[in-house]
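By letter and in written order, the chains are A, B, C, D and E; residue numbering begins at 1 in each of them.
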Amino acid sequence: MGYIESYLALSAILFVLGLYTVSTRRNAVAILMGVELILNAANINFIAFSKFVTHSLDGHVVTIFVVMLAAAEAAVALAIVLNMYNNTGHINVDEANSLKQ
Amino acid sequence: MNLSQIVQDLGFLTPEILLTGLILLAIIYDLFLTKETSIRTGYLAIAGMAIVLFSLFAQNVEASQGLFNQMVAYDGYARYFKIIITLATILVMWMSFQNDELKNRTIGEYYQLMLVLVFGMFFLVSATNMLSIYLSLEIVSIMSYLLAGYLKENLRSNESAIKYVVFGGVSSGIMLYGISLIYGLTGSLNIYEIQASLAANAAISPALLMLAFVLVFVGFGYKIAAVPFHFWTPDVYEGAPATITAFLSVAPKAAGFAVLLRFLNTTLTLSGDPNNIALESLSNLDWPTLLAGVSAITMTVGNVVALQQTNIKRMLAYSSIAHAGYMLMGVVVMHHNGVSAILYYAGIYTLMNLGAFFVAIYIKNAFNTETISDYTGLGYKAPMIGIAMAVFMFSLTGLPPTGGFVAKFYLFRGLVGVGDTFIWLAIVGLINGVVSLYYYLRVLYFMYFKEMNFPDVYHRAPLQFNILIVIIIIPLLFGWMIGDPLSTWTASATSFFVP
Amino acid sequence: MENHLLSLVTFLPMLGILAILFVPRARVDVIRWIAAGATGLQLVVALIILGAFDSSSSGIQMQEHAAWIPAFNIEYFLGIDGLSLPMVLLTPFLSFLAIFTSFSINKAEKSYFALFLLLDVGMMGVFLSLDFFLFYIFWEVMLLPMYFLIGIWGGDQKEYAAIKFFLYTLFGSVLLLLGMLALYFVSEPHTFNMLILAQQPDIYSQSLLLGMNAGKVIFLLLFVGFAIKVPIFPFHTWLPLAHVQAPTAVSVILAGVLLKMGAYGFLRISFPILPHATLWFALPMAILGLINIVYGAMAALAQKDLKKMVAYSSVNHMGYVLIGMAAMTSAGMNGAVFQMFNHGTITAMLFMLVGVIYDRAHHRDIEGFGGLATKVPLYAGVMGFAFFAGLGLPGLSGFISEALCFIGAFPVFTWIAIGATVGIVLNAAYFLWAYQRIFFGPLNPKYENLEDINKRELYTLIPLAMITLFLGIYPAPMLDLMSATLNHLVDTVNAAGLMTGF
Amino acid sequence: MITVALLILLLPLLSFAIQIFFRKFIESKNGEWISIGIQLTTLGLAFYLFAVMIGHYDPHFRIEENVTWFNLGNFSLEMGILIDNISVIMLLVVALISSLVHIYSTEYMKGDIRFSRYYGFLGIFTFSMNGIVLANNFFMIYVFWELVGLSSYLLIGHWWEKNSAADASKKAFITNRVGDIGMFMGLMIIMTVLGTLNYQGVYTGIASGEWEGGIGTLFGGANPHTLLTWAGILLFMGAVGKSAQFPLHIWLPDAMEGPTPVSALIHAATMVAAGVYLTVRIFPILTPDAMATVAFIGGVTAFYAATIAITQNDIKKVLAYSTVSQLGYMIMALGTGAYVAGFFHLITHAMFKAGLFLASGSVIHAMHHALHDIKDHDTDAQDMRNMGGLKSKMPYTYLIFIVASLSISGIPFFSGFLSKDAILAGSWAYASTAHEGWLASMHMAWILPFFGFGAAVITAFYMFRLIFMTFFGESKRPDIFEKMHESPKAMTVPLMILAALSLFFFYTIPSINPFSTHGWFSHVIENPGTVVNFGSTFNLEHFEHANHEAHMPAMILSLIVATLGIGFATLVYLLKKVSAESLASKLGVLYKGSFNKWYMDEFYINGIIRPFLKGCDAVALFDMEYYDHYLINGAGRNTKKVSSGVGVADDLIVDGAVNFSGYIFQWLGWSLKFIQTGRIQNYLIFALIGVVAVFLLNAF
Amino acid sequence: MADLIFWLFWGLTVASASIVAFSKNLIYAVFSLLGTFIGVAAMYIFLNADFVAVTQIVIYVGGILVLLIFGIMLTNRITQTVISESSFQKMFGLTVVFAVLIMVLIPVLGHTWTNGEPMAFQETIHQIGTLLFTDYILLFEVASILLLGALIGAATLARKER
């Protein structure tokens, strides 16, 4: 717990797991989960840097904003997903490919 | 940051405050309207935006300011983009009255969301803090998702929204990760302090710096639709309500360029003062070359794929990617000329791209087709539409005597002006111009050459639409001829706030 | 003396366009006569300019200056000298006649005449601008109407021809743009003003661009841009197509005026501004001129389509211009510009005449006629006149300019000039062979009822023929107008060569 | 004087204008007399000039007037009129023959559908010919040179419905242009070196040494003497074309497709002599090498054409080849230095050859009418094999034929004797004294007298062959014979005038000795010698001396050969002691070669023109089908294949444009299109790949 | 001891995040996300960020996660086995993502980040509150507009057309 690298490594792992989730999951909600992972990874970075590098609370404030934004984004995204479900009966993003050349 | 300071700074935010008031007013006013009368929110929004525009013009930007602990800047640069955005908004709102897709539904929220989107862009173009950049970028994105999916019973609109939200969410997440690295590297979120720290600390490994920069650039790149972050563009543009597509292809893109340019020229330069005529990039981060590559690939991909398109909206989507590539040419020169060229291009591009979209929307409404090959003979059936389309196509190609030419000319002038380094990019750009000619002309080919028959009765577009088109065409065609006010204006609009 | 004659002569057709826009489509007659009136007035103004022109001065006259885009030192700058004057006379003259030729256009007349007048503005502007930026704008402006004129009113392959013309020329102008910007940035102070640019030839020959001599690089960039318009082999393949597919009047303008713009560009921009590079490129240019002459003539000889033959004859004739101007002698230079003018009138006649027969027979296959001279003697006579003018018969203007080009080139590019004399024979061969196949021999029974040339057509041809004849007998009036300017140009270029020991 | 000259020059042009622009009016009102009147006026004026000239009786009589044509500052061209003995005599000849032809044509061309045009073209011809004669510089002569080419073109093609006439006119013009190229090159050399083209200016320029100084870097600083040789030969090329010298003689026999009066005027008496006239004008600047070339070409032509004339059956063709041969004589004379003789022969030949042609025209006219009467449209009215015994039917014509033939054969008391004899003497003298020029250095100078005398034999032979076949013996076509009758007065009177002018004393006055060459002519025309005073030069005194020596032997020899020729013709064609057919079969290849004009036309057509046209086709094909199609329109795309599938218009635009922007772009776009799968997660992965790639490229 | 607890939470976070990423069953994934959020909150506590940790629990677990679960419930019939949906382009994704991991880890871990002693624990709520209402007041207010807009938008999309 005394080393920043442990946090950074964790955040990096969460980051790529999030990326993996968004790029392989079919289900729209699952993809949103991946996005949350990415945001969490970034947040860990901010807090870790606050403690180890900058010694200021700016990182904390950023994290709070991000959490709030994540909530807003999740709400909007879910509204869109539900809308899609109403129209198609599924929320599999990879099947939403009528728009292509 | 005490109360008196807050109150004083608020004085510089008149347009934003007016806009906030307008948003609230629109929400409240809409409560009293029915489905049939909800269009009045739109009138209110346009009227309000006109007032905002007026207040923007009334701003005195002689002395630039950093507001709220340098969260946002108050300067001529930001004001220029705010004006462009406001104008684009007014035009798009006006066109929205004509868009059949939006008929017979509750429309109040459409305008409310657009106003919030504008609000986000206002902050985006003036943001000078990584957090405010991220926050305003998110406002713009979230409102864009909502507007793209506004036709909720329309599958294509849904699809477009969901793709947008996924791509946008991930991109901004990646950007946030990049911002966190920069925060760690420099200990600050303020772009001026970041610059000072980076410039002072040349020991940072280029790889780490590049990583942070690339991750941040994902967010910007997605906003301006630069390759390889452009994939969402055609799909979203095709599915979204046409007026929103037009809006998205113009205003957020301009805002994206505004913030990108401010970020690059402030944070990643040695001097940190973008008001300098010529800048130098950080010694351990060669971002101009990177962006030059992105620019070349972006315009080439945009043009080459546009060659293949049969749907007008998709074609314009790819063309807008290509135009992002052109505008990036102005970024890489790191010179006053490049900046003013981008400003100029943003202005002209707004006009010509909106014009092209509006004509396409009108044709969709009146003739129910978005396929280019169905435009056969339209030039004769509806002469006004045909001429307008011809002007926009020529302008997008960059041919004199349209504004598109002058805009492009300034870009190339900037590029050639800094010596030999980016001549290759200029040549790529010029060749791309020739390639693009083909698909733009294809539209005219179908409208005029394919078949020639005069109808007994012309198709006449409604007066309101004609006025709108003329308002766009006149400055596009003649604006630059008489003293070129835009160039004078852009030259003066390159005053950045620096602490 | 600040008057606005030049602006007037440039933008007069614009008034015509405005007037036409307010005339209902059905009133075709009114539209036609407005167009004729606009170009006619333009011609009158051009003649007034001719009257006010001082031919003894080699400088720019009747200058019109106005700051335009001060941020980039771009000016609205018009002026005229002995180089542009012949073109300024030629343009409204051919436009005026071409309007009458266009009376046979029978679809979308309103747009046709409006576009035609726009084309006129563009051409005039090119010949009068002295600011490179302005020049470029006009250069491009004329592209757009041309694209539509070919694409809408052209022949069977009109779309192909139109887009090919457009892409070809755009490719050229893109390089032109690059060259222009390079000039702008190399010059000190940065300017597009051609006169100021021309005052600093040493800067270009001494600075580097892309690791090469800036002057040569810029010259090459401009060269391709102009060469496509001339057209110089190997950039010529748009020409046969565009000329053949375009409606008659447009072919007249294409061959009569547009082709001159390339050569004019060389003389107005490349030569005075980049004299060192010009001397360096003179030999290649002369060689290309020779290729143009021989290649164009050979291709013309093989054509089955009359209009195509005339089109290739333009390739051939512009070769003389090239040789003449590359030689950088007084005779050659004057001959080249004179040839530009003469080719304008002669080739206009040729295209009009081809149009006449096409209107009646609905084909242009040379072999498909035969013996027409018996049936349409007047037409045969006028055609004969034009053909002989084209093959450079003494007494007609083309001869003098060709001879001057040769005489001018001979001391400098002796062997090239000798090689090019083959063109004299080949010219005669393709024109006379075609003439024989069309007009001589037994009458093709298909054309028992062919109508002879009508009055309108004849009256558009007569002025051209008169000028051809007059200048063939007494070329001095035209040569006097331009010799001062052109001699000065020759001296300037050669002086630059002397200083660097060329 | 100058005014008179200008009038002579311009009046025929007026005639042209009247005939062309007032055609309708004229054709209904005997308008040809306007032209004839004008022509007679010029004849009068020419006589006036002649009188003035004779009044001066000065070999150096000379009036010149110059105006600047145009001036470019440091380059100018002038136009001017030069009146000297040569031009005055030429003017008179032209005016005289032109007048006679004008009159003759009133009958010959009666009822022609393009009657007034015919007179108009005669007018423009006379104008151009006068221009050549009056020009005082090489540029101007070149201008009118081409203009006579034009009028020749127009007149040969007078009956353009006949393909052969149309072909012949084109051939004449183009062949002439080939010669003109050379002339133009010579002109350019002189202009470049001396800066002037005025005859006198050129002569003095060369004489004063300006020539050596003016060469500068031309041809890398050429040797002045060589360059002058080339300049001379190149200028002479013009004469080769116009005077139908070997190898450009091929057009003249074909030119007989034109109306016969035209053949008489243009293709016998005047225009073809313009080449000789030009050689006269360039005579002073010819170096010995150039003179040898001129002489050799003339000699070859004289002999070569004569050999062809033997076997021709078309009456006009015989005369045409005879003309070529006689022109060769003149050229040879000038080349050998026999300046006066050459020019003299020009004049005498003009008279008797015009007489011969017009007389043959009279025969043809009669034949034509006779054939017309019996409604025979297939028989060739010009074929001598259809004639015979005509002397009883056409006595005047016959008489004139005899006179002119004697003259051309070089029989004493006739003009031809005087001039031809002088030429032969000149060639003899040249051969015996020549030390300069390549003929001499190759010891080939004697070939010239051989050609000369050889051609003389043959000339006498074929002329009398012609007479015997036409006027003697039995008629081969009695049906026509019955209908034949003498031509009207308008035709016979000019004939008689010309016949009279073939007598010697018109030229020897004041002397009336038929063997003397010392008349007014040889007084006013004198050999100018050379102005070349560097390198090896032509020695006038030396030549005159040898000429004097050779005079007697040459005269005797020429008499002998003429008699031989006539005698042999009598044997074969009049007395039929020797069968012409068996002679032909015995000679075999030679006969066939001669009959087929030594296959010159075939050589040109198959050896040069056809391959060249193939080359042109190849160029055109290359230009559009290969160069444009593949290189310009883009890489390897088969237009035809596509156009059969897709609609033509769409194909063309897609094809054209995309071909241009290139197959590559198309392919690129097509493949990039597949990246746009419509699946957002594909996009994300691609974007990530992009990020990694960008990072890798830039960070390391 | 603290280290052990730290690494336990560290492991929990990674493991649950892996389940989110790799699990075939969507319900498992959602509930593992809970573990991840809690693990991250624990990390915040280790990093002396008490307020943020609480926020994380309240908003993420109480808000966002519930929202996500609702999302899944609403869009799938419980009986439906499709919930255990599969993913696609796994190998492709894995390869690329692994490359990204390397790309991030090597420079980030290669850098010397520490800047003196780590900040000692202090109570942060007060300071954060001050910051939010002074330096960050503008963004705070702007965020409120964002929330307002998101609210309107989400409601518009979700509700039935009136």
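Assume contacts are C-beta pairs under 8 Å (C-beta built on N, C-alpha and C of every residue); 3 or more make two chains touch, one makes a residue touch a chain.
All values reported here derive from a predicted model rather than from experimental measurement.
Enquirer: Provide the labels of all chains in contact with subunit D and in contact with subunit E.
Expert: Touching subunit D and subunit E alike, sorted by label: A, B.
Enquirer: Return the chain whose centre of C-alpha atoms lies at maximal distance from the corresponding centre of subunit B.
Expert: Max centre-to-centre separation from subunit B belongs to D.
Enquirer: Which two chains are joined by the greatest number of C-beta pairs in contact?
Expert: Of all chain pairs, the one joined by the most C-beta contacts is A-E.
Enquirer: Work out the mean Cα position per chain and let me know which chain is farthest from subunit A.
Expert: Centre of mass proxy via C-alpha means gives D as farthest from subunit A.
Enquirer: Using only alpha carbons, which chain's centroid is the nearest to the whole structure's centroid?
Expert: Going by the distance between chain centres and the overall C-alpha centre, it is C.
Enquirer: Averaging only over C-alpha atoms, locate the centres of subunit C and subunit D and give their separation in whole Å.
Expert: So the centroids are 36 Å from each other.
Enquirer: Indicate the whole-number Å distance between the mean C-alpha point of subunit A and the mean C-alpha point of subunit D.
Expert: About 97 Å separates the centre of subunit A from that of subunit D.
Enquirer: I'd like to verify one number: the distance from the centre of subunit B to the centre of subunit C, where each centre is the average of its C-alpha atoms, in whole angstrom.
Expert: 43
Enquirer: What whole-Å value do you get for the distance between subunit A and subunit E if each is reduced to the mean of its CA atoms?
Expert: About 6 Å, centre to centre.
Enquirer: Which subunit A residues sit where two or more other chains touch them?
Expert: Touching at least two other chains: 15, 18-19, 22-25, 28, 31-32, 34, 43, 48-49, 53-54, 58, 61, 65, 69, 72-73, 76, 79-81, 83, 93-94, 96-101.
Enquirer: Residues touching two or more other chains, restricted to subunit C: which are they?
Expert: 159, 163, 167
Enquirer: Name the residues of subunit E that each touch 2 or more other chains.
Expert: 88-89, 93, 96-97, 100, 103-104, 107-108, 113, 115, 136, 139, 143, 146, 150, 153-154, 157
Enquirer: What are the touching chain pairs in this one?
Expert: After working through each pair, the chains in contact turn out to be A-B, A-D, A-E, B-C, B-D, B-E, C-D, D-E.
Enquirer: Which bits of subunit E are touching subunit B when the two form their complex?
Expert: These residues of subunit E touch subunit B: 103-104, 106-108, 110-111, 113, 115, 134-139, 142-143, 145-146, 148-150, 152-154, 156-157, 161-162.
Enquirer: Note which residues of subunit A are touching subunit B in the complex, please.
Expert: My answer: residues 11, 15, 18-19, 22, 28, 31-32, 34-35, 38-39, 41-43, 45-46, 48-49, 53-54, 56, 58-59, 61-62, 65-66, 69, 72-73, 76-77, 79-81, 83-84, 86-88, 93, 96-101.
Enquirer: Along subunit E, where are the residues that touch subunit D in the complex?
Expert: Touching subunit D from subunit E are residues 88-89, 92-93, 96-97, 99-100, 103, 107.
Enquirer: Per the contact definition, I'd like the list of subunit B residues that touch subunit A in the complex.
Expert: Contacts found on subunit B: 131, 134-135, 138, 142, 145-146, 149, 152-156, 158-163, 165-166, 169-170, 173-174, 176-177, 179-181, 183-184, 187-189, 234-236, 238-239, 305, 308-309, 314.
Enquirer: Which residues of subunit B touch subunit C in the complex?
Expert: Residues 340, 380, 394, 399-401, 405, 409-410, 412-413, 416-417, 420, 423, 426-427, 430-431, 433-434, 437-438, 441, 445, 448-450, 452, 454, 480, 483-484, 487-488, 491.
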